[in-house]
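Once you scroll down, you'll see the structures, which are given as structure tokens.
Each of the next two complexes has chain A plus one more chain, namely chain B in the first and chain C in the second.
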Partner chain A sequence: MTGGLQRVASTVLLVVVSFMLTALILWVSGYRVGTVLSGIIQGSITATGAATSTIRWTIPLLLIGLGVVIGFRAGFFNIGGQGQFYVGACSALVVSLGWREGPVPLVIMCGMIAAILAGMAWSLLPGYLRVQFGTDEVLTTLMMSFIGALVLQYLTAGPLRNPSGTGQTAASERIPEAFRITDSSGVSVTALLLVGGVAVLVWLLLERTRFGLTMTLVGRNPTMARWQGIDVRRVGLGTFALSGALSGLAGAVELHGPGARLVTGFSPEVGFTAVVVALVGMLSVWGTVVAAVFFGGLQSAILFLPIVTDLPPPALVLLHGMVAFLVTIKFRAVRRRRAGLAAKPVVG
Partner chain B sequence: MTVPSGPASAEVPAVRCRSLGVSFGTVQALHDISLDLAAGRIHALVGQNGAGKTTLAKALGGLQAPDNGTVCIAGNQIPPGDVRAAKSAGLAMVHQHFSLPPSFTVAEALELTAARPESHSVYRRTELYRRWQNEVAEVGGTNVLATRIRDLPVETRQSLEIVRALVSEARILLLDEPTALLTPAATDTLFERLRGLRDDGVTILIVLHKLREVAAVADTVSVLRDGKLVLGPSEISGVSQGQLSDAIVGPAPDADRAIAVEAAANAEQQLLLELVRVSSRESAFEPGLASIDLAVEAREIVGIAGVEGNGQRSLVSVIAGLSAVTEGSVLLGGEEMTSAPPARRRLRGLRLVPFDRNSEGISRSAPLWLNQSALRLIGRRRQFPLISLRQYKRQASEAMDLWQVRYNTVAQPAESLSGGNVQRLVLSRELASGLEVLVAAQPTRGLDFSATNFVRSSLRGLRDAGAGVLLVSSDLDELFELSDRLLVMYGGSIVARFNAPYDRQAVGDAMTGALR
Partner chain C sequence: MEQVLATTLRSAAPLVLVAMAGVFAFRAGIFHLGLEGLMISGAFTTVAIGDATGSVELGILAAIGVCMTLSAVYWWVIGPLGANVIIAGLGLTSIGLGGTAFALGAIFDIRGSMFTDVVLPRPVRGATSGPGVIISEHSILVWITPLIVLVAWIVLRRSRFGLRLAAVGEYPFAARSAGVNPSIVRLQALLISGALCALGGAELSVGALRNFTENMTNGRGFIAFVAVIFGAWHPIGAALAGLFFGFADAIGIQSQINITERVPREFVLMIPFVLTIFAVWLGGLWRRRTLEAEAGYAELREPDY
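For the complex of A and B:
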């Protein structure tokens, strides 16, 4: 178990180093590092409503991040969470606006199912291309992400635009208040139970089902899996579907929760930050939960910081980037080492 | 480039090596090789797989630094492992696998590998084409220049590799199994070309597998066995095919080794695995199957002999359901399985020991228990989805204990096991309940003496317990010892069938294609 402890320690160290590098850059640029740090702590924990805001941002990061973990387990790098999240939210909105008189629980349920299906579809297309033609899923999921963002833009500026809207950005009509599972703080018992339940289910799926074990084998050595009679294509498609489903669900939770309407380009980074969340969480379910809370706090702090310093919001995005950069290097290094081992010639 | 202006090459051998030795870890790949190759002739080098042919070619070409011994090319001693020195002494290698960059056009690739590229580094396309049109004239005309390497047929790529070697102004060519991927017609064309080069004074060392081809092209022949030079270089006219086969295969270690196990006395034999006129497409490194008929019954071990690369991999993957059948049918236990997915064949009692245990047999980074339990993951869709890991781990450790796998915990990654233990792990998974027919591919390759004996007695035990075994091996002693019947594969077909007691000479001849 010391190996596991070592991995946790190295990940924590990596986050600390990112903090220090960011602090260094801020210090060189003439900001007061102490103020910024205390701002981060206030904005994520101690200020009024900060803790709530942290949890509010944890929810989508966790859902999408778990989707990334599922993909990775079977060896697929689904980084298109952003687009799957958007099309999920759009589908839920269509359900809610199209069935205003429906019974509340049923409409919410249908909205979530629609969002899950849309997220699945958005992920299955690259997934199919991957298992059928070997197309690099990093590229295709990313491209699908842009398409998802444009779909959102089209809907909010076009067919679903709120005609009485006055804002500068295009937005849809609000869904009826009854269809929301949280108020605008984005946190409620229902939402927490939902997300917690999903995390437990994902953990059970990955660690306690035959399908989860099959995914692990496929992700670690698809050749061996094929010799063992495992249908690698089917496992791949299932993985992409589940992974997209979680991002789609995140979109529905956002809409039925804090959002209540769709705005062009809302939460623009959540799908990409979720990839970093999964990597920092060492691709384990509970690690991802911890990492999601951490990045949720950071997101909350980014929104809070302008109140206490003159720091522009992108300055903390720098921290995100730093963590993402270092965690990717670590991840690649581990993979390289593993690949190197596998490539060692066998005499005889 | 400084070529000493010595006397004509008749006296200085083109290639000379003295007491050359190469070892990889504990394996002695080459053992005290001393060899002179006369200039302006075609020298063939033959031997079984793993005899050290490629290693010798690499050592001569400077690609492999020898542990001891010297190499002289055209009278110049080459510093150990110095490719450049070997090249500038006029030697070029044509590798077993193609080395030209597949995305380059022919002209670009030639420009890249030329000995002295023109001094400027910016080219016009037409200029490139003009420069190389003479060189490619004999491999397919000038219109081949603009074609990308990857779009060329295999034999053209092969010829281009030789062109590449020649544009670097080589006077000595080393060809490592150039015919492995060629059709007979393309092989004839290649040989024609080599004879032409020889008549122009080029010295050629060609690694070959098939005795027929040796007879067709070579002036002299040398045989390697277990890293030792056991014959030659001798004039081809002075060596009979029988002598060559003997030299390649070697004497039987014990007189009674070739006695087959007594046939099982079960009158009611049951057909477990049957291939009826099965053909399949060729893969990158192997011919496809050509109308194979094969049957494995209960209580027998059927051996498949053959020089590697003659369709054995295609055969096993067709049976496993990993590659498609173009014609014919595959039956397991009498049930039609030609297009059934691998999982259904597994559930019907097919078990496999794959060729490469480290990449096909196990997942190196996955824990032992997961590797051991892999077969429990398929075909149970109607069962309750949640499983007990504790039960999986316990059953895995019981099975591994039974098969005497040495390990610390079931959670350690499989890559931490030694080769023999990895094979025991594979056997503990494959030779469990539900087995009806086992396909074992090179099951003892790379294993030490005791592990080898363990695997062989397991196969025998399996047969005695009523299972059918198809044993694919390149170890003739193993095949003779275990097989109740022996089939020889050559070029994707079964060219000969033998019953015990086996005639080493006849089997060796069939393997090298001498029967044809």
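For the complex of A and C:
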């Protein structure tokens, strides 16, 4: 357990260091760090609607982040969450727009299933290449992610474009109000139950089932897992499928929830931020929940900040980058003890 | 047609420069996903310092300095501090993209684009029609790029350093027994890589254009990385791949004007990504080895000693 505690301590320390470095950059650039900090607290917790907005941004981060956790646990470096999220949202949109007259619960269900399948497909192609031919999944999932972004761009600018739209960025038509599970605040009992349920299911899967144990074993040492008679290919495919499914579902929740329509390049950072969330959450389900709320709060705060200070919003991207840059640093004591989990799944 | 070829050269030059950066890193066994971040930092620094001093040379020198410093920090984080190469690389990209956009707002109080008067010299200009268009109006960096590729090839193929680099990338243990310090060689490779990214970024901002725009690299750093894989991490191969992606980009730009009815631009833009998936897959098949074994990050994953 000391190892676990050390790991928590080192992660927290690295996140704090990342924040301090970013604060230093802000300070050097002439911003009042205190004002920014109080702005962040207001914008994520205390201001009107801030807490709701925090939860709204937590939802996609948590869903995609749990997908990343599943992938990394088994040693598969699926970093294509963004593309899987996009194709998921696109599929849900096609279902909603194509079946406007359908019974509401059924259309929403079908939209989510379509999104899950699309996300799975987007993730299974690199997954299949990986388990069958040993093709490096970092590169293929990244490529699939770019392709997914272009698919979204194509659909919103072409076939699904809202003809009466006047904005500069291409956007699709809105889905009928009835098909939304939340209002534009992005939070409702349905959405929370759905996301909470998914988190509990993922926890059960990872910690309480044979498949979860097998996954962790494969992640720690694929060779040993194979000798133990584990079908590494099957575990790999299952892992990629689940991880893509969660990202796809996040896309559907976004569309049926706060989005209601798709805009070219919406939430451009969410896929990468989810990787940061999973790593800060130390690849554990509850850690990821905490990290998702934390980064969701920051996302919400950055939208609020213009009210109190003129901090440019890209500061948040800088902060995320800083955390990602540093969070996988392994201190010597921790490194020696945990050569297994800390190093392996992350390197893939 | 001449116009397409001219656009191809203009689009390809930054890709090829950054692809050379990727080749050096890749040969050292580093899967460098921070190229995009270094490239945009180079583009920004060139414009910022160039505009402040009025000298494009000083701007480029400063950009090289900034990118080499960032590369050294990246080396420190993934080497001695043992951070994950890929995550830290992606982090570096975000730091570059976020940091430059932030600095644009914080220092110059600008959102979006910053225009500048400094521009790289353009040796051949003035042609308006005929084959002359192909070589006209290119910045000096476009002309130097083939030379850089050639030098990179000679260095990797014929020099002592190139041999050490190959040894470190492929089998660091052997390099170590031959008295080479893999960590230092990796640092050298990353520094070269940083300088090349700075040049690629500079070409983008003051070579082809005269401005810096938030997120102006628009994935070019990743495409350059893809060119490295597609060109089998050989300088000439990567340069040809970069040229091809430049051509795809030029066709994409043209198709906006001409053939949008038939081929949506997005599909043209997908070409490099789809081809890469094929290339990585086939590359793995032919070699009967995984890319992992080839690019290794061999020592970066071994337990420390």
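Just so we're on the same page, the second predicted complex is superposed on the first by the 329 of 348 C-alpha atoms of A that agree within 3 Å, B and C clash if a C-alpha of one lies under 4 Å from a C-alpha of the other, contacts with A are read in each partner's own complex, and residues count from 1 in each chain.
Keep in mind that, in the parts below, contacts are C-beta pairs under 8 Å (C-beta built on N, C-alpha and C of every residue); 3 or more make two chains touch, one makes a residue touch a chain.
What you see is a predicted model, and the numbers here were worked out from it, not measured in a lab.
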First, second, both or neither for A:Val200, with chain B first and chain C second: neither
First, second, both or neither for A:Asn221, with chain B first and chain C second: first
Partner chain in contact with A:Val12 - chain B first, chain C second, else both or neither: neither
Contacts of A:Val327 with chain B and chain C, given as first, second, both or neither: second
Touching partner for A:Leu319 - first (chain B), second (chain C), both, neither: second
Comparison of chain B and chain C by chain A residues contacted: C
Where chain A meets both chain C and chain B, residue numbers: 346-348
Parts of chain A lying in touch with chain B, wherever the complex brings them together: 204, 207-211, 213-214, 216-217, 220-221, 223-231, 338, 341-342, 346-348
Residues of chain C defined as touching chain A within the complex: 31, 33, 37, 77, 81-88, 90-107, 111, 214, 219, 222, 226, 229, 264, 266-267, 269-270, 273-274, 276-277, 280-281, 284-285, 289-292, 295, 297, 300-301, 303-304
Chain A residues within the chain C interface of the complex: 25, 29-31, 77, 79, 125-126, 129, 133-136, 138-140, 142-144, 146-147, 150-151, 153-154, 157-158, 272, 275, 279, 310, 312, 314-330, 332, 335-336, 339, 343-344, 346-348
Complex interface listing, chain B residues touching chain A: 24-25, 27, 50, 320-322, 341-343, 345-347, 352, 354, 356, 358-366, 370, 373-380, 385-387, 389, 415, 419, 445-446
